[in-house]
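Paired with chain B in one complex and with chain C in the other, chain A is shared by the two complexes that follow.
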Partner chain A sequence: MMTNPVRRITQGQFSYLPDLTDTEISMQIQYGLDKGYAWSVEYTDDPHPRNTYWEMFGIPMFDLRDAAGVLLELNNCRKTFPQYYIRLMAFDSTRGVETIVMSFIVNRPENEPGFSLVRQEAPGRTIRYTVHSYATDRPETERGSL
Partner chain B sequence: MDAVNKASAATGEVKGSYLNVTAGTVEDMYERAEFAKELGSVVIMVDLVVGWSTIQSISNWSRKNDMILHMHRAGHGTYTRQKNHGISFRVIAKWLRLAGVDHLHTGTAVGKLEGDPMTVQGYYNVCRDSYTKQDLPRGLFFDQDWADLRKVMPVASGGIHAGQMHQLLDLFGDDVILQFGGGTIGHPGGIQAGAVANRVALEVMVKARNEGRDIKNEGTDILRQAAKGCSPLQQALDTWGEISFNYTPTDTSDYSVTATAAV
Partner chain C sequence: MAAPLYQIPGQAAPSPPAAPATSAASPAEVQAALAEGVVGARTVAEVLAQSQADTVIAELEHDLIGLAPVKGRIRDIAALLVIDKLRMNLGLQAQAPSLHMSFTGNPGTGKTTVALRMAQILHRLGYVRKGHLVAVTRDDLVGQYIGHTAPKTKEVLKKAMGGVLFIDEAYYLYRPENERDYGQEAIEILLQVMENQRDDLVVILAGYKDRMDTFFRSNPGMSSRIAHHLDFPDYPAGDLLRIADKMLESQNYRFGRGARAAFEEYLLRRIPQPHFANARSVRNALDRARLRQASRLFADRDRVFTPDDLSIIDESDIRASRVFHIAAPQAQT
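Here is the complex of A and B:
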């Protein structure tokens, strides 16, 4: 993280802004609901750039049209996994889209371990790269706490 | 590729750099594309000047090799700008969508390269619509059902800067690639400060729009406010904030007779 000017992972929307308050988060949720999107809450302690599918905190809220309800789910997740990354995601079911159209991180561990870049020297001068999550250096049962 | 991977590790985001495989023959292009793949690139680029069968070939290659294909429209101006001869870029955009490219340079309307905002929006619609409705001011002459034909991500590139973020978002919406070249590299605080300025400007504008603000009219204020907490953005606005490109586009839609310099 030291080489990143904002000192944290910057996936998704709003990572370069100060953390959104619950009121600000509610406004984003409402915007998505007005567009007909379905919200879901996901968490992980390994936000590797290729870790596309985080763990689902409950199932996506396809039928929930109330911003306060989505925020309640998010805060339940925060209570359960205070030291994990948590993100809110909005799914657009429109034919031809059918994908996540909004995604932003709403909870982060106190210390973000970040990633190392592993260089494997291959024949010739070929270098093969691997992005490695420091978080995964510890067994899963020992992660998610300070 | 070392820098691309370093950026990925520093941010947690998948990063890429367009490696241009344009060459004199399609065989040379395959060779360059294979080399890009071997280096671990996620994306290659091709210039429009290579011609249609080559574009189709490299597009097919890209599908087979999990590669994103970035289409640069270099050369289009030689035949898309005149009203009395040539091919409209709207048609070129359709052909390129049919060819299966992933990204396509489609203009900025507010940057250094000319383009009438409505006509440019027409190109964007051709890239992104599932069903295009007749829209004469945008140069769309008839309804078109695109069925399940894959969409193309339009690219706004050329003379755009952080101070125009509200206009870009208002004109083109969410599904667009905004490329700030000089608007990043030319930042007085360096390239990294330029990148931070652009990203902060984008995020603050999307946030404001979603919160119901009228970004078209309040955009400049929103940026100024955000710059108070972000010195790179302040520097960017001080450098480019006042710069706009005022011209009368020649490339207007011609559903009604319009006076142009080219006639």
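Here is the complex of A and C:
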């Protein structure tokens, strides 16, 4: 948010830490794989907190044994979308869980514009608040570049 | 970016002793330490003891009959890997050896079995992290329409990361008669990964000798990236007979009186015939003998069977084979 002192969005795990190195990322991936999770890579240009469904970069990766496979896909995505947010998500297919259990950002644009708070006057002097993502101010085709 | 305040395994430790890592990755850390395994060993015996690779090699010697040249080559490779470990422990940097292999040989000569063992050996020596074998054929790699091949091949490669990718009948990947065939695309992706991710993946190509030779001639890039060409010889009849003993033993059967000699005679007649597939044919022949044994016993409705009755393959079960009737005139020569 605009009040964030580090000027970086904080979503998912490890977001208050410095960026994870590839070694650290593959250790996290391996941890998930050992638990039987399926990893997937997703990217977006709009990190709005309510933007739950990011674009999928390929289908989720089932039946992997080693982190190198996920890292390969992640590096492909980084090469394709260097200035986008990219996150890794782990899906636990265990019956009764069947949900995302890990999610963390692994790539950020150099310039993170953040969000603003928009106030709307409503009848009876009511104020409605909403969060606006500065990234969406630019046309879609121009986002993801500096 | 500031240096992290915590220690990453596999990197030089910071001077003050780092607190034990309590991140979510701790099982992965243990795994990584295990995979690195052979730490600080100074002698071959120590490396072998720590990695337990010699038990796999001994099993290979014991379980697989014949195949002397293949076993010799595997011992050589294992020796190189062990010495490399020792060199690494003494700080002599060496590039990780290229371990991609090609197995050529006739059907039923044990290519898949050896590939499975190879994955175990490489895993014990710490050269592949997981040691699983992903066996694929052309169908799993090559797509059916434009743009289908790359994702398919990449998915298989991702599954095989950390283990061994075994491509059976690899020569089917390349179809020179059809220039719009997508096999070439799969080969190019394979080559790229074989070159760039040597540490993550070992590729084993398998196929019949003559066709693989053609395949390598038309794909020189592939040939030059494969360091080990192993040729699997056909088994002589004696070895096949010992394989038959082993197969029966593993299924709790055994040859009755005269049956072993009959089976040897069967093999001598069967080998020159077309479509003989070495150990696979032996297994099929034994399965058919079991069928005949079963129907022989089935006919005896009121008999009480002893364990011996149920586990002995009789001479008659083998003599009933088609081979003895067809090949009789030829066998005189």
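Here is the rule we go by: the second predicted complex is superposed on the first by the 144 of 146 C-alpha atoms of A that agree within 3 Å, B and C clash if a C-alpha of one lies under 4 Å from a C-alpha of the other, contacts with A are read in each partner's own complex, and residues count from 1 in each chain.
Operating definition for what follows: a contact is a pair of C-beta atoms (placed from the backbone, for glycine too) under 8 Å apart; a residue touches a chain by one contact, two chains touch by 3 or more.
What you see is a predicted model; the values in this text were computed from it and never measured.
Peer 1: Is A:Asp19 contacted by the first partner chain B, the second partner chain C, both or neither?
Peer 2: Once the two structures are laid over each other on A, A:Asp19 reaches chain C alone.
Peer 1: Which partner does A:Glu73 contact after superposing on A: first (chain B), second (chain C), both, neither?
Peer 2: The answer is second: A:Glu73 touches chain C but not chain B.
Peer 1: If we overlay the two complexes on their shared chain A, which of chain B and chain C does A:Pro5 touch? Say first, second, both or neither.
Peer 2: A:Pro5 sits against chain B, while chain C stays out of touch.
Peer 1: Residues of chain A touched: more by chain B or chain C?
Peer 2: More residues of chain A are touched by B.
Peer 1: Does chain B (first) or chain C (second) touch A:Met61, or do both, or does neither?
Peer 2: The second partner, chain C, only.
Peer 1: Mind working out whether A:Leu88 is in touch with chain B, chain C, both or neither, as first, second, both or neither?
Peer 2: In the superposed model, A:Leu88 contacts neither chain B nor chain C.
Peer 1: One more residue to check, A:Tyr129. First (chain B), second (chain C), both or neither?
Peer 2: A:Tyr129: touches chain B, not chain C.
Peer 1: Let me test your reading of the model: by the given contact rule, A:Met27 touches which partner, first (chain B), second (chain C), both or neither?
Peer 2: Touch status of A:Met27: both partners.
Peer 1: Touching A:Ala38 in the superposition: chain B (first), chain C (second), both, neither?
Peer 2: In the superposition, A:Ala38 contacts neither chain B nor chain C.
Peer 1: Per the definitions at the top, what is the overlap between the chain A residues touching chain B and those touching chain C?
Peer 2: 13, 17-18, 24, 27-28, 31
Peer 1: In the complex, go through chain B and note every residue touching chain A.
Peer 2: Chain B reaches chain A through residues 1-2, 5-6, 8-14, 38, 40, 130, 148, 151, 174, 192-193, 196, 199-200, 203-204, 206-207, 210-212, 229.
Peer 1: If we count contacts the way the header does, which residues on chain A are in touch with chain C in the complex?
Peer 2: Contacts found on chain A: 13, 17-19, 21, 23-24, 27-28, 30-31, 34, 58, 61, 63-70, 72-73, 102.
Peer 1: Can you list the residues on chain C that touch chain A in the complex?
Peer 2: Its residues touching chain A are 1-2, 4, 8-11, 24-29, 31-32, 129-130, 132, 151, 154-155, 157-159, 161-163, 197, 200-201.
Peer 1: Given the complex with chain B, which residues does chain A contribute to the contact?
Peer 2: Touch list, chain A to chain B: 1, 3-6, 9-11, 13-18, 20, 24, 27-28, 31, 47-50, 95-96, 101, 114-117, 126-129, 131.
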